[in-house]
C-alpha cells in the first residue's frame, strides 16, 4: 500500500539516517520567492555528429531555487555519448530507446574479462578487460554519482532520449552552483559552459586549445604518464579534431561490447534489427544472489533490502557491483494503480540503494484523460516535473495562497515545483505521462484531499472550526473522495471521452 | 551528572552519527561579524479573533546570522491555532497554559477512532477517526518537523502563550532563508509575509484572493478532487471570510476532542472548570511500552533509548507514534540543581529522539537573585535565549575580546548568542527564568570557570604560562570555584536579599 | 593495495554513512570559476615572543572556493602556543619538531592525575589533574574539532613548524566563512582578524581592551565566577600585558608536563638534550586495547575498526580518549611505494576515526627527481597542496580543458586544487615532499593514466571510439603504463640524474 510505503520510508529513514536530512545547499537569499512559475523548454541545443544535447538555462531563477540543472541528450543509432564526469550527482531517465552504459568507479576491479581463447575476427589478440557494462532500456532511472566517469551507447534503430537532472545543490558538490561536465575526450565545449560565460561576461576569456581534461596538460607530461607516443597524445587531447564532432560520436560499424554468454554472442553491426529484450538471460554460472535479483526485476517485485542482504557481502560486492539503474517506466509494476485513473511508480533509496548516495529519487506517472492527481505538496524535496507524453493542466500554489502556475504542461517541457508548494494536475490527453525528479532520496508527499489525506488526519471538529463550516460539511471534506492519489474522471466526462 | 551527560551525548553522537554534524546552512558572508547584539522584542503583532501572533524580524542581522525566526502566539480560551505547515522545522516552548495539539504525518494511520455506538448529542452518526491528538502543558517543548501540518487548541481559562523557533538554516529547508507558513485555511496573511515583502519591495505585488493553499486552486479542481459542492469549496478557500478572523479562531462552545477513556468522557463546553491534570491516565488496554513511557514521564525519569527499544518495533510504532513533546518546565526534574543558585533542565535528542530529526535542542533554566551562570560558550550551536520571567544581567564576548552585549535581558525579550561567543549571566530578580533554543540536537557547552571547566582540563603549568601568572594563582583559577554551572550569590548578597 | 583501500573506503562509507556525504557549505555563486590558480605564500606574519604565526589571506578567491583557511605557526624552544578554539575544525600537520599538545573536551574527566605523594621541588603541595596530554612528532596529523580548546608546546631545540588547515566550509561551523580564533588569554589580535577588518572596512571599529574571551567580561563577573581576586582577573584579561607577547609565549625554565612513568621522570629544563623518541613506552598497567593500538602504531599497521572494537567500550573510552593524532610522515609505513619513484601515505577516517568527526583527511607524499604523480582528480574533495621540501612542476586543468596552473610549486607555498579539476606533478628536486589536506574524511582520487585507471575501466572499443583512434592505440592507452600512481623517471633521466 502506498500509505505503508510512505510510512515505511519515513520510519526507516528516521531510524537509520537520523531523519532523512536532505543535506543540500540552500539557494541564495530570495531565490525562492517565486510569484510566477513557467513551463520551460530547453533554450540551447548543441548538435553532435551522433545526436544532440539540449540544455535548460541553469541561471533561470526557478532552477536556481531548486539548485538543479536539466539537460536532454538524443543519441542516434550506433552513437556513443563520450565519457565525462560531473561535479554533482546525476539522475538520468531514459525517455526512449535501449542501449549500454558504463561507469568507472576508481579502485574497483575490472570484472568483465575477455576469454583466453581470443576471437579471430579483426585480428585481435589483446585480451580486454574493463568494469561492468550495463544494458538500459526505456523507462530506466540511472544514478551517476559525483565525479564518476559515465558513458552511454545506442546500439538500436530507435534514437535514445535521456533526460538528465544534475543536482548542483548536493553536498557532494564542493564547487559552486554551476554545472560542470569534465569530458575525457573531444574538442567541443561542455554543454553548460555557455551559461557560465554569460554569468562572468565581463571577464576576459581564455582561448581553449582542447576543451577536454587531457588537452590542458602539456604533451610530454602525457607522453610520460601514459607511456605512449606523440600521435596518441594528440588523439587524447582532441588535437585537430573538428569541433562539430561534439559530445556524441558516430561509431562506424558499431561498438563491440562484451555481453553475458546467454545472449547470442555478436558484434552489433549497423543492420541488426530491434533487439529482443527477452534475450537478456542470466548466466548459468551467475551467483544465486544475482539470479534472484534479476528474477525479481523481471517480475516487478520490489527489493527492500536496506542493507540486510549486504551485511554478508565482501567488499567487491558492495559499491563495485551496486545496482545503478532500475526501471520505473510503463512496463514496470506500478505502486499506485487505478484502471480508470492511471498509475504511479516511485523509486527511492529503498528500491535502489545507490540513490541514498546521491540523495535523489524519482516518480513516473501516467494519467488518463480528465483524471486528476489530487492537490498535494512535497514534504521534503523539490520536484522537477518533466512531461513525457500528452499534456496536463497543472496548478501550483505558494505559501501566500497565490496561484504561481495555472496552465498546460506539454510533452518536452519542465516545471519546477518547489518544496511545500501545493500542486494538482488534471490530464488533458488520453495518456499524460511524466517523470518527476525529486531532490531527496526518500521524497514524501502530503495529500490535501482524499482518503488518508492531511484533512482526514484531523478531527472532524478541528476541520469544522478551521474552515468555519458545519460538522456535516467537515465530514464530507474528510470522506467524500474515496480515492487516495488519482481521481478518475467523473462519469459524465468518461462517457464524453468514450 | 551533567558532566556525564555531556560526555554521553558527545560520545554517542560521535559513535552513531559520525560526530554530530549540525547539517545546517551557513549564513552569508559577514553576517556573523557582530560587534553589537541587542535584546530584541517582537516588532510586529497580528491580532486574530482568538488571540494574536507576534513576530521578530527575521531580516535582523542577528537572526540572519543564527539562521532562525522567532514568533510568539497567544491563544485565548476555546481558541484554535489553525492548521499550517512550514518550510523548516519548529521547536515550540509552551510558556503558559494547557491544551491540545495535533500533527498530521502523511502515510500514518488514523489511530484515534470513535466507538461504534455513536453518542446521541448533536445528532452525529458519522464515526470520526483521525491521527493522535496530544495534550500539552506549561513548560512543554514540542517538535514540529518540516512540512508536517500542526494545529493547537486552548481549552482552558488561562491564555496559552507559545514561543516558536523556526530553524530556517536546517537542511530540511530546501527553499531560501525566508520563513514561510502554509495555512490550510483562512483569509489572512501568513505572519512572516510582511518581511518577505520588505525584502523584495521593488517587485510588483500580486493580489491574493485567499491566502491559504486551497485558495490558489481553481474551484472546479477542488470540487473534483474533494468531491464536494461549491459552497464547501468556498469555505475551504476562505472566500468571503473576514481577514480579521486571522490565524487563531474562536470556537463557539468549545471543541470536542476525543480523549482516552479514563478521562471523564465529556465534550468541552465553554463553562467547564480548569482541568485537572491528574485525569490523564493511561488506557488499560494500552501497550506495555506506552504504559512504561507515560509512567516514566510522570516520574521524571529520562529515556535514553537511542534506538535500542525501537529495534523490535513494527513500523507503526516508529514515526507514527513517536513522542513529539516533553516537559522541561519548572515542574520537571532538573539536570543541574543547586538550591541556593537555581536549576537547569536540558532536552536533547537523547531525551526526545524526534529532536534528532529536526536537529534542535533546548534548555530551560531558573536563577535565584544574584546567582550566576558561569562564563561559557556553545560548542556546536547557536543559542537563542528568551527570557520568560524576571531579568538578568548578561554579558557576551566575541572572538576579538569585545563585549558585544552587556546589559539586561528582561522577560519577553530575546538575545541571540552565536556559536562560540562567550556568555555569562547574573540574575537581577528573585527568579530569572529563561528558555534557550539551540541549533543542534546535541548542543554542548564548554564552561570557562568552575570545577571541570576548560581551565581545569589544562595542566596547572600551562595555565600559569598561558596567563603569565604564578603556579599558585593558576591553582586558584583551576580550583577556587567549587561550582560547575551555577554559582550561588555571595554570602553578603544572600543576606541582603533575605 | 591502494586499489583495495580506495574500494574499501568507498564501500564502507557507502554502507555506513549513506555515501560519504561531505556535508560542507558550498562557495558562493561563481567563486569556483577559476581560470588561473596561483601558488600562494603567506601574506602576513605576526611575531610573538616565542615564535610567529603566518597566515594566507582567506579572502583570496581560491581559498574562498575551497572554503578553507591556512596558517603556519613556528614555535621556538620552550614556547607555548596559548590555548584557543576555533569556529571550525582544524587539521594540523607537523612539518618539523616534536612537543606536547593538549585539547580540552567539555564534560570529559581529568584523567592525568599527580600522585598523592607530591614531589618536593618548587614547593608544590597542590595535586594537579587535567585531561590527557599528547606528544606529537614530525609528520603527525592532529585533528582539532570545532570549539575544542587546543594548545601546543615545544620542549625541544628544533623549532616546531605546524601547518594548520581550518575548514570554514564545515557544517560544524554555524557562523559565516570568516576564520575566528577565540584566545583564552593574552592581549594580541587573533591572527585572522585583520582580514575580517579588511572585509568590513566601512564599519566603525571598536577599541578592544583585551582581545581574549575573558577580557570582554566585566571584572566583578569574573571575580564572582572564578572566586579569585582582582589581580588574578587582570591576568586572565591580559591587562597591562604587552601586545608584542603574542599568541606564542616563552616559558622560562620550560614547562613541567606530567608524562607516563615509563619515560624517565623529569622536568624539562632548558638544557636537556634532544629527546629520544624511543623513551615513549606504554605503561605496564595500560589496557590491552591501548597496548595493541600503540603497538600497531609503532609497526605501522593500519586500524580498521570502524566502530567494531568500540562497541564494548564504556563512555569514557570513546571520545574522551579518542586518538587525536597519527603519523603520516616519511618515517611511517607508506600506502603507495615505488623505490624508484617515491611514496605516498594517506590518512582517512578509517585510520583515525576522529577524522570522521571533522570530515577532513590528508595525504603525505614524496617524489624522486623526475618522477611523476599521474594525472588524476579528486573525486569528492578539494585538495590543499602544501610543498614541504624541494619543488615540483604542477599542471592543473579545469572543466573547460584550460590549463589553470602550469608552474613550479616550491617549499613553503600552497596550491589549491578544486574538486574534479585534473592535476599532475613531476618532481624537480631529488626529493619533493608535500602534504595535501583534503576536505572529505574519505577523500578518493580517480587516476587518468596507468593500470587500474579510469581509462582501463572502459572497454577498449569505447576508448577507441571516444578518442577517435585505432583499437591498437586504445590498447596502448589502456596498458602501456604499468604504474598506478607514481611513474619513475625514464631510464635516460635516471642516468642523467645519477
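In this document, chain identifiers A, B and C correspond to the written order of the chains, with residue numbering beginning at 1 in each.
Basically, a residue touches a chain if its C-beta (ideal position, glycine included) is under 8 Å from a C-beta of that chain, and two chains touch if they have at least 3 such contacts.
Here the structure is a predicted model, which means the values were calculated and not measured.
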Classification of the subunit A:subunit B interface as same or different, half of numbers criterion: different
For subunit A placed onto subunit C, the superposition rotation in degrees, Cα atoms, nearest 5: 120
Mean-CA-position distance for subunit B and subunit A (Å): 38
Touching two or more other chains - residue numbers and ranges from subunit C: 23, 25, 28, 169
Contact set on subunit A toward subunit B in their complex: 2-8, 10-11, 14-15, 18-33, 35, 65-67, 169, 372, 374-375, 377-382, 395-404, 406, 418-420, 422, 424, 426, 439-440, 444-450, 452, 454-462, 465-469, 471, 473, 475-481, 487, 490
Contact footprint of subunit A on subunit B as seen in their complex: 17, 23, 25, 28, 80, 82-83, 85-87, 102, 104-110, 112, 122, 124, 126, 128, 130-131, 133, 145-149, 151, 153, 169, 171-178, 180-185, 189-190, 193, 196, 199-200, 203, 206, 208-218, 221-222, 224-228, 231-232, 235-236, 238, 241, 245, 249, 251, 255-258, 307, 310, 315-316, 318-320, 322, 356-359
